[in-house]
Each structure stands twice: as structure tokens, then as C-alpha cells.
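Next, two complexes with subunit A in common: one pairs it with subunit B, the other with subunit C.
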Partner chain A sequence: MKAFGNYHPAVLMVYFLSVLLVAMFVTNPVLQLSALSGGALFAMALERPGNWARDGAFYVPLFFMVAVTNPLFSHNGVTPLFFLNGNPVTLEAFVYGIAIGVMVIGVILWCKCYSRIMTSDKFLYLFGRIIPKLSLVLSMALRFIPMFKRQMHRVSRARRAMGLYAADSFTDKLKSRMSVFMAMIAWSLENAMETAASMKARGYGIKGRTNFSLFRFTARDGVLLSVCILLLGVTLVGTAMGEMAFYYYPRISHLNVTPLALFLYGAFGILSFLPFFVEIKGALIWKYYVWKM
Partner chain B sequence: MKKWLSCGIFFVVIPAVVIGGAVLFQEKQYAWITLWVTVLSCVPFFFRFEKKENNAKRLILIAAMTALSVVGRILFMPLPGFKPVTAMVVITAMYFGGEAGFMTGALSAVISNFSFGQGPWTPFQMLSWGLIGFAAGLLAEPLKKNRVLLAVFGALSGAVYSFLMDIWTVLWADGTFNGARYAAALVSAAQFTLIYAVSNVIFLLLLAKPIGSILERIRTKYAL
Partner chain C sequence: MEILRLENVTFRYPKAAASAVENINLVVESGEFVVICGESGCGKTTLLRLLKRELAPAGEKTGTVFYRGTPLEALDERTNAAQIGYVLQNPDNQIVTDKVWHELAFGLENLGVPTALIRRRVGEMASYFGIQNWFRKDTDQLSGGEKQLLNLASVMVMGPKVLILDEPTSQLDPIAASEFIATLHKLNRELGLTILLVEHRLEDVFPMADKVLVMEQGRALLYDTPGQVGRRLGELQKDHPMLLGLPSAVRLYNALASGGRHPRALSDPCPLTVKEGRDFLEKHFGGRVQESGEGLPGRMNSAASHEEAVIELDKVWFRYEKDLPDILRGLSLKVYRGETYCILGGNGTGKTTALNVISGLNKAYRGKVRIAGKLIKAYRGQSLYRENLAFLPQNPQTVFIRDKVRDDYREILDVWQVPKGQQGELVERMAEKIGVTHLLDKHPFDLSGGEQQKCALGKVLMSKPKILLLDEPTKGLDACSKHALGGLLGELKEEGMTILMVTHDVEFAAENADRCALFFDGEILSADVPELFFAENNFYTTAANRMARELWPYAVTCDQVARRCMELPEEEGL
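And now, the complex of A and B:
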């Protein structure tokens, strides 16, 4: 299910950039935790339950690697826990390592969701008008890739039929892959030139041509866009006021829990959990329709 | 109108975003500024390309070279670390100029990340591969004649690629440039850096001549 992916590409782009901006550059632990958990839930909603364990096996060790190694690089902080080779390992550096781990994993998860939601067609639709020639090149390259892959298989099958097997040795492997690649290059460049001739014959570059697209900006896109801009604005104003300032060095500062700060945490919390709620709502509606049948 | 708009973007919006962000995110201001410098360094290349490039054949040739470098990355998957992307970028630049090289490099980064995962590293990959291509375009004639120079260029670009990518990782994690972390990142990636450098040399030495002759032939046959 990709209920969230049905929004307009421009809205999705603004949304992802807002969350990533805060997750990458604001150092408040509450905001980073809510970015991490929102991203994790969203990624889980997009992934089949069977793959959760596999992904976890990648992210959890990565988190520990980032968190545990930080005290080795950084000896700032005023509370030494113990000494290693004459260098202090401080509580602050250790806690800061955990904070970096939360930030890095959170950002990677959000980028993963971005890749799943912002497919290349949406990307091209967004940038097609600003950078038309570049997006043409991009979309042609994207179309060439499956075509070249198919050709690559054809060439290697033909070589196998001729009895040119690749042996196990490294140089043999390299050689056989290389000759497939060379055959591919000659074929694909000729093919590209024919495409160019065909494009020219069909009037590429003539004025007044329009592009086809399936995306329409509807009322619900407007709602999501304004909610997103509002919440991001609130979060950034809060950051500018220093309401969510938090320091790890030299001494870990206290977390601000004034009503205003709580309000700001709530605002960013809603922002980072939005896609998860949308996905859940989509899934429930789907279940309801299935049940009604 | 259009002129005023682009003036406004260049002289008001961009400085405001960069400076505003640096003030707002004081802890991470180095990372913020580095990210913007990277993104904005790509802009003039793209801008010029949009303005200048009108030849459909050249556009498609760049698309095809980009696709080939991405497919090459898949084709050589059984040999870990061996990616012909840099070699393809350099060869494109040698025969079709620095701008074509920059475009092939930057677009290869974007496209291969559609399958290998986009992230905050995408702009840095775009700029690194793009600049390798642009530099190869500037050195096109000597690179075509001298195979030793070509090998040195390949090895250097493999190393530079790794060095550039790690700078940002460190700035983003620490807020400042932490020399110890940078050194650790370089050491832990040393094995890959070495494989990149070696594979670039091998690919360039093996591919430059034959692909060059294919490209020369295409150029005369289709009047590019």
C-alpha cells in the first residue's frame, strides 16, 4: 500500500525536504527521536512485514557502531567515565554518540521512504519544466537501462552458445564481462543515434509542444501542503527563538519542558508521524472494503 | 520579468537561505554551508547545459553513456568494488568535452541512486563524479595520447572521490571538522579506495582505446 504516495509530487517533495531539514540540522533529542520513530514506522508501513527483520539486522548494528565509536574520536565533555590509553572517555561523548546514531539512522530511514515514494516519474514531472533538457536526458537514460540490460543478457547468452564460458578465475571473469560490455557499447550507441534521428523526425524541439502527465493538484494536496508548511514554520520559528536549544558539550544541558517547548515538540511530532497515519488510514479503508465484499 | 526573477533568486533567496540556515542551525552550520556549496556548484553546469545544448544527438549520447555506466555497475556486480562508472565518465569527457563529462557523472550518480538508495550523499556524489568528468575534459588531449597519464588520472580520481565523500560525513556528524574521525573514516574505507583506484586504472586502460574508436566512428558516421 502506498496511500501517501498518491499525493501530488510537489507536495511530497516539500514534505520530505521539511522533515529531512529538521532531522538533519536541528540537534534537539526529542525532535530527532520523533523523526527516527516516524521514519521507522513509515518505512515499516511501506515494507512487507517479512522484510522487517532483515532491515533491522542492518540498522541496529549500524546504530551501535556509530554510537559506541564516538568517544574514541571526541574527548570533549567534563564527566570522564574511564581512561583509555590516557584519553578520557566522557559521558558527554558517549551520549552525543547515541544522538548521532539516532540522527543518522533517522535520516537514512527517511531517505529510504523518499526513494520508495518519489519514483523517477514523479521526480521527472517536478523538474521537467525547470530543467527540460536535463530531465529529457535523465528520462531517456532511465529508459535505456532496462533496454541495455535485456541486450546484455542476449549478448551473454549468445557467447555461451558459442562456447565462450566464463571460468572461475578473476581475470577470466573480467575478460568475459569486458567483451560483453564492449559489444553492448557499440550496439547501444548506434541505437541511441537512431533514436535521435527518430526524435528529430517527429519534431523534437519545436515550440508549443506540451507534456503528458497524470498528476493533478486537488483539494487534499492543498490541505497537506498547508499543514506541512505550517508545522515546519512553527518548528523553525521555535528553533530560532532558542526554545529547543540543546547542547551536549561541555556538559549535557537540560531539556526544555516549558508549555511552549512541549507545543513545538508536538508540532514536529505530528509532522513526522503524518505519513504513517495516512498509510494506516489507507490500510483500514482497504480492509473495510475487502470486508464488505 | 524572468530576468528579475532569476536575479531575485540569485541575489536574495539563495543568500538568505544559506545565511539564515547557518544562523538557525548553529550547531551544524558547517555541514549546512558545505551542502549548499555542493548543490550550488552544480547549478552553473546545469544552467549552461540548459542554455546551450540544442543538439538532440548529443543529448541522447549523454543519456546513453549515463545508462551504460549504470548498467556497467550492474554487469560487474560479481567483482566487488569494480565499477566502470568513473571510467565511462572520463572517456565521455575525453571525446565529447568537459561539460558532457560533468553531465554524465552527475546524472550517473542520480540514476544509480534510484536503485542503490538516495540520501544526503547524492549531491556529493554528483559533484565528485561531475568534477572528475570536467577535469578529464580539460585534460582530454594529453589523456588520449599518454596512457601513463591516463592511469595516474584514474588512480587519483578514485582516491579523490573517497576523500571528498568523507569530508561531509565528518562535518555532518560532528558539527566541526574532527580530524580524528576523518582519519578513521579514511582508514576504514582504505580498502575500498584502493579497489576503486585499481579498478579505475584497469577499466581506463582496457576501455579507453576501444570505446574511443567506437565513439570516433559514431562521430563521423552520424556527423556529431
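And now, the complex of A and C:
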């Protein structure tokens, strides 16, 4: 299930940046809760149900750890709950801890979704447009690293079978490792000659190189991009107007519930649940087709 | 229509005494399949590179290469890059990018082709080559055969008129190599593509070719149809080293010719394929062989003393990880002192894994492994590898880590704490023994494949082993290097070395093994002397045996078949 991942990389990039921007810098609890729940649902949609429990076992304790840390170290706020070692543990610090926990977990979840969706080829494609040479270099590096690792493994096995890891002393071991590494560099350069020949043989260096990619910007990408920019714009304008301002210290402020504020909450809510909706829609359409067959 | 013409092409590398390529005159017609062969160092690769402007080596060149009537230098760079395709030897090193689709598009990107057109051309090529199933994969996940096919496809996508290939199958296993050659044949037949191919393994390729160019010391020795080349090479020189590399049928024909017998058979055209060879034998020798006269070859009873097993595996089971399937499934095996034991079998059956278990690199989770009568577990520290067992891995490059072969040899002596004063002499003695004295001060990576193999063997022999394990020792070697390796292994055996090798190369096994074994599904199915082993296989046997098995089921090498032909009286009715 990766319906959302099929959108154009540029749209995906804009989307992830907008959600992360708001989730990290706007301290309104409604916005942060919707970012967290949108991210959590999206992450679940990307993960096999079998792994949900395993992930939960990581995120839930992390959340509590973050939430508890703040009131232990921060004694701001005007409503002490109890005293610990002579220091007040305040309601405000406690609530703020929970808010930080929501923010941190939300951001981690979104980053996790980002890494699942924005695979290396998408990233390369985006940056290749800006710096064409760089994208080729990155692509070549991604090609080279696994090859280097495999050869290194082979060399170390060959050496083991020649009885060459006999040295007991640390310096001997270090020297041995170092010479293997130097040999690997020589090996890489040797191979690079052939790679260079293969590049030249296929016309690398001729002026007017184009950048090919499998991605195409279609109408649905345009729609998602406009929706995303519109919702982000609304949220940012609302924030700038102070419509969603919220404070924890010294006293927890009241949540703004004017119609305009509710509209703004709704706008960001839609933004953060968008990928989840797309995934669910994709799954439903698929089920429907299967059922019709 | 001629597509390539070489006029008096001569080339000399800077500071070299002799020319690498000397006075080559050659015309290649459009749509021809030309196979170029010659011993290593004969200038094949240099000649090929002179045909591709981007890869032309630096040096002193005279003469002209014409592509469709235009000198190569006068072509514009786009025509040149796109219309003359070049595929190199190593499947891994030619791949530039990390994704299959990107690799296919790379050449077209360089030419500045617009995205929409690239999409179409890439799609078309992927379908033609059957790449669509791994189109979105990482290039690193492909097998060797797939990688080389991708390299071919990513050259073909640019629409070349001439395709030049420099030993493209030398790093592939036989099945992948045949598939690759079949693809080339298809391109030649269906698209009329002109192909120039340098190859060691000529059994499949030789009969396919329209023309064969044999090179010797930079010169064109012969340039003719395969049949004519097969006949005339032997006429030029009875024991020409290149004869070793030719298909078995051609070798047999030439062996008869050099024996000077059976003139009537020799008046027929030279057979090229197994089928032609079988018909040739049937026509001239069939019906004259006594059915019962075929005794078992004498080598059967000799071999090593079947008393002392130096490698002994007893129902060994192995898997790489807990959840992965078993690779070795109750493998039992006995290798006796002083014999050469050859394990044959398909790709991915676990032959190499078996070697890893025997060499102590992997540990069996069930069963017993005994080396020289002692359980492998009982060897402490590095004692297994000291004057006992040595393992030469598949890729000889993995053995070297120094700048000079000499220093690599000394490294072993250092670990065994041989005094510095004695090291020089020991290194020299080893180099002399395996014939690499002139290579001692070279960088290991500067050597040819055959030289690397020899030097690597020398390095593992520095620890004075009594058991030698070899993994695919003939991979990437030409016929002469193989022959030399076979001779070297024979000498080691004379000195009492026990040799266990894993190989795909049935011809090499037939010529050099005392016993051959078929490895399948994690165990050894049958083990016997080569003559019996191959006689009982219907498909998995040498080309010579497939030609001659109706007449002499126990003749498995070309020499054995030729010898039996010679023993027969002359045909009557001349």
C-alpha cells in the first residue's frame, strides 16, 4: 500500500516540508495532536499490521520518557502539584512535557514516513534538477558502496583462509586492517578506470546532457500540490494573525475556539490526514475492484 | 556494404619496443558476426579499442580506420558514441548508476535525448531483452549474467550499427555465458547488427561467426570463415597454441591432421559443432570400432592410494542463517591423499559453500569435518592454515593487498615468523617453481587474468600446504593459461599435494581430475574417475565425449578421441 508514494517527488517534498514546518514550530495543542495522529495513522498504513505492536513498544515509552523529563527539570509555572527534593513539580511543566512529547513523537513519525516514501531515486531526481552533476555522482556512490563492502568482505575472508589474522597485538591488527583498506582503495581506482571507459563509450561528456527520470507530473499531482499549498498558506496566515497562539507558562492559556480558529484547525487537520486518506482511498478502490471481479 | 575498413593500422604504446598492433588490413561487411581470437597479449583488446574513438589508447598510431567510408577521427562525437557500441569484460565495473532504469537511460541522457523519447527507447529495449521484471531494481541486486545483459542493453538502447565486445562472458558461469551469446546471435540475426567479439570460450561462438580473425603478436594471422580458419591454423603450425582454444570438433580434426593419418577424412570440411563432429566421426570411423574392444582406461586403477582420506566430510549440514534454507544437506565426501578431486555442478547449488566449510570459513551445524584425520574444530588458532591447508578464492584479486607481488609473498612468511634473511630466497624459489619470477616486482592489479591467477596460487602456496582448495580456478582464463594451470596442478600433485577444486569447466575437469563428483541439492550424487563419470552422464559431459560417445563412450578429452582414431587402420577404397 503506497498510494501516496506514487505522487510526484516534488509534491511529496513540498507536502512533507509543510507538515514538518508546522509540527515543529507552531505550539498549538490541537495542531500538534492532529500532526501526531495524522503521522501515526500514515505510519501504520505504511507498515504491516504485524509490526504495529513492535513500533508501539518503541514510541509509547519514548513518549512517556520525554513527557516526564520536562517537569523534573523545569520548575516554571504557577500551579505546584507536589514537591520533589524541595523543588515544585508544576501542572504547567507537566502539561508542557506532554506537549513536547506529542511534538517529538509526531516529528519522528513524519520523518519515518518521509524515509519510507522519499526513496533515494526520488531525492536524487529532485536534486538532480538543481545540480545535475551532483545527482549522477550520488547515484554512482550508491552503486559503488555495496560493491566496495562486498569486496572488502571477500578480501577479509581470503586473508582468514591464508591464516593472516594471526597477529595478537593491537598495533599489528590495526596495521593489517589499514593495509587491507589501502589495497581496497587501489582496487577501487582500478575498477574506476573501467567504469570511466564505459561512461565515455556511451558518450558521457558530450554537451547538452538531459536528465531522465521515471517520474511524470500529472494532473493529480497538480491537484495535490495546490491543495497542500492552500492549506499550508491558510495555516501560516492564521498563525501570523495570532489566531492559534497558545502558551503554557506561566499559566496555561485558553484554547481559542472562535469560528475562525475552528476553521484553521480544520484546515491543518485535513493537511495532516491527507496521506492517510489517500492510502485508505487507494486500499478501498483496490478492494472494490477485487470485489467486482 | 562495408561498414568498417582498417587500412594499414599500426599502433605502438609509448616506450614499448614492439608494436601492439601491426599493419592490420581488414574489411567488415555490414551485418557480419566477426570473432577475434588470439593468445592473451596478442593485441586483441588494443585493436578493439582503436575502433572506438573514446577508448583509443594513447600511443603512436598510423593507418586509418574507416566507418562507412569516413575516417573515425572525422566522425562527429554523437554519431561515434551512438553508432559504435562497446561492451567490456567485467559486468560489475561497467555499471555506472544504482538503478536498472537509470543505467538503461544513461547513454541517451548523455546524447541529450528528450525525456519522452528516452522513455520509449528504454521501454522498448527492456522488453526486447526481457529486463522488464527487474526494471526498477537496484543494479547491485542483479546476478552476473543479468548485469552483463544490462550492460549490453544499455549500449543497444543508443542504436549502434556496430557492436564491439571485449571478452564479455569471461566472468560468467557457462549457463549465463551461453544465454549471453545466444542474445548476441539473436541481435545479429534479427537486427542485422554487425558484431565484433573477442572471446576465449569458442565452443559456442566459433560456429556462429561469419568470419574469424586470428591474431598473433599484433598481426592478423588469419581472417576467414570458421571452417577455413579451423583447417588452415593447423596447416600453418601443427601445434599452434591457439588450437587449444578452438571447439573440440576443430581440435579433433587438427589432431588427426597433425598425425598425418586418415587423409580421406581430412578431405572433408572441418567440422565445427558437436553435431558436425559426431557426423564426421560416424562417417569415417563408425562401423570400424569393435563393440567389445573398448576397455576401461588404465588411469582408473592408478590414482592415489585409497587409504588415507585427508579431507573427510560426514553428513555435514550447513545454512547461513537460522531462517534460511539448508545449503549443505548431509554432504559426505572423502578426498584421498595425493589425488585431484573435482566437484562439478550448476550455479548456486552450494559448491562454494562446501569449500568454505572445508576451509574453516564457515562452520557446519551438524556433521563432522576432518582435515588430515583431525576434526576441524580441534585446530587451534591458525594451525589449520599452517603447512596444512590453503584456499585459493574465486577472485584472485582478493588475495593481494600489497604494491608488489613480492611483498605479498613475504607477508605470509612474516606471519609464520620466518626470519627476514631467509624470506628472499623462499620467495624466489616459489616464483621460480610456478614461473612468475618476472612478475615479482609488478603491481598485482597490473597483471593479466592468467598471471594474477598464477601469482595468487603462489601466495597461498607460501604456507607450504599439503591440501589445496581451488574455487573456479579457470574462471576468466584463456585456453593457454588454462593449459598452463593444468600443468602446474599436475606438478603439485606429483609432489604429493591433495587438490580439491570446484568448477563449472567440464573440459578442465576431464583433463586434470583423478575423480569427478556431481554436486546437486546440497550433497554429492556421484563420484568417479572422469572417464566413467562423464560416460554415465548424458548431458553434463565434455563436447569431445558428446561427439564420440557412440563409438567410444569412455573417451572424454579431445586427445583421447584423437588417439583412438589414430589407432584405427586407414580407410580403404582410396
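The working rule: the second predicted complex is superposed on the first by the 243 of 293 C-alpha atoms of A that agree within 3 Å, B and C clash if a C-alpha of one lies under 4 Å from a C-alpha of the other, contacts with A are read in each partner's own complex, and residues count from 1 in each chain.
We take it that contacts are C-beta pairs under 8 Å (C-beta built on N, C-alpha and C of every residue); 3 or more make two chains touch, one makes a residue touch a chain.
If you're wondering where the values come from, they're calculated on a predicted model, not measured in any experiment.
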(request) Report for A:183: first if it touches subunit B alone, second if subunit C alone, otherwise both or neither. (result) second
(request) Name the contact category of A:53: first (subunit B only), second (subunit C only), both, or neither. (result) neither
(request) Quick one: classify A:239 as touching subunit B (first), subunit C (second), both or neither. (result) first
(message) According to the stated criteria, A:120 is in contact with first (subunit B), second (subunit C), both, or neither; which is it?
(response) both
(message) Per the contact definition in the header, classify A:212: touching subunit B only (first), subunit C only (second), both, or neither.
(response) second
(message) Contact-wise, after the overlay, does A:199 reach subunit B, subunit C, both or neither (first, second, both, neither)?
(response) both
(message) Contact-wise, after the overlay, does A:157 reach subunit B, subunit C, both or neither (first, second, both, neither)?
(response) second
(message) Touch test for A:293: subunit B only (first), subunit C only (second), both, or neither?
(response) neither
(message) Identify the residues of subunit A that lie in both the subunit B contact region and the subunit C contact region.
(response) 120, 136, 140, 142, 180, 182, 186, 190-191, 195, 199-200, 204-205
(request) Could you pull out which subunit B residues touch subunit A in their complex? (result) 21, 24-25, 27-28, 31-32, 46, 49-50, 53-54, 56-57, 59-64, 66-68, 70-72, 74-76, 78-79, 82, 84, 103, 107, 110-111, 113-114, 117-120, 172-174, 178, 180-181, 184, 202, 206-207, 210-211, 214-215, 218, 221-222
(request) Would you pull the subunit A residues touching subunit B in the complex into a rising list? (result) 20, 24-27, 66, 69, 72-74, 100, 104, 107-108, 111-112, 114-115, 120, 131-134, 136-138, 140-142, 144-145, 148-149, 152, 170, 173-174, 177-178, 180-182, 184-186, 188-193, 195-196, 199-200, 204-205, 236, 239-240, 247
(message) List the residues on subunit A that touch subunit C in their complex, please.
(response) 120-121, 136, 139-140, 142-143, 146-147, 151, 154-155, 157-167, 179-180, 182-183, 186-187, 190-191, 194-195, 197-214
(message) Give the list of subunit C residues in touch with subunit A in this complex.
(response) 52, 54-55, 77-78, 81-82, 85-86, 88-90, 92-99, 101-102, 105-115, 118-119, 122, 136, 138-140, 151, 154-155, 158, 356, 359-361, 381-382, 384-386, 390-391, 393, 395, 397-403, 411-412, 415-416, 443, 445, 459-460, 463
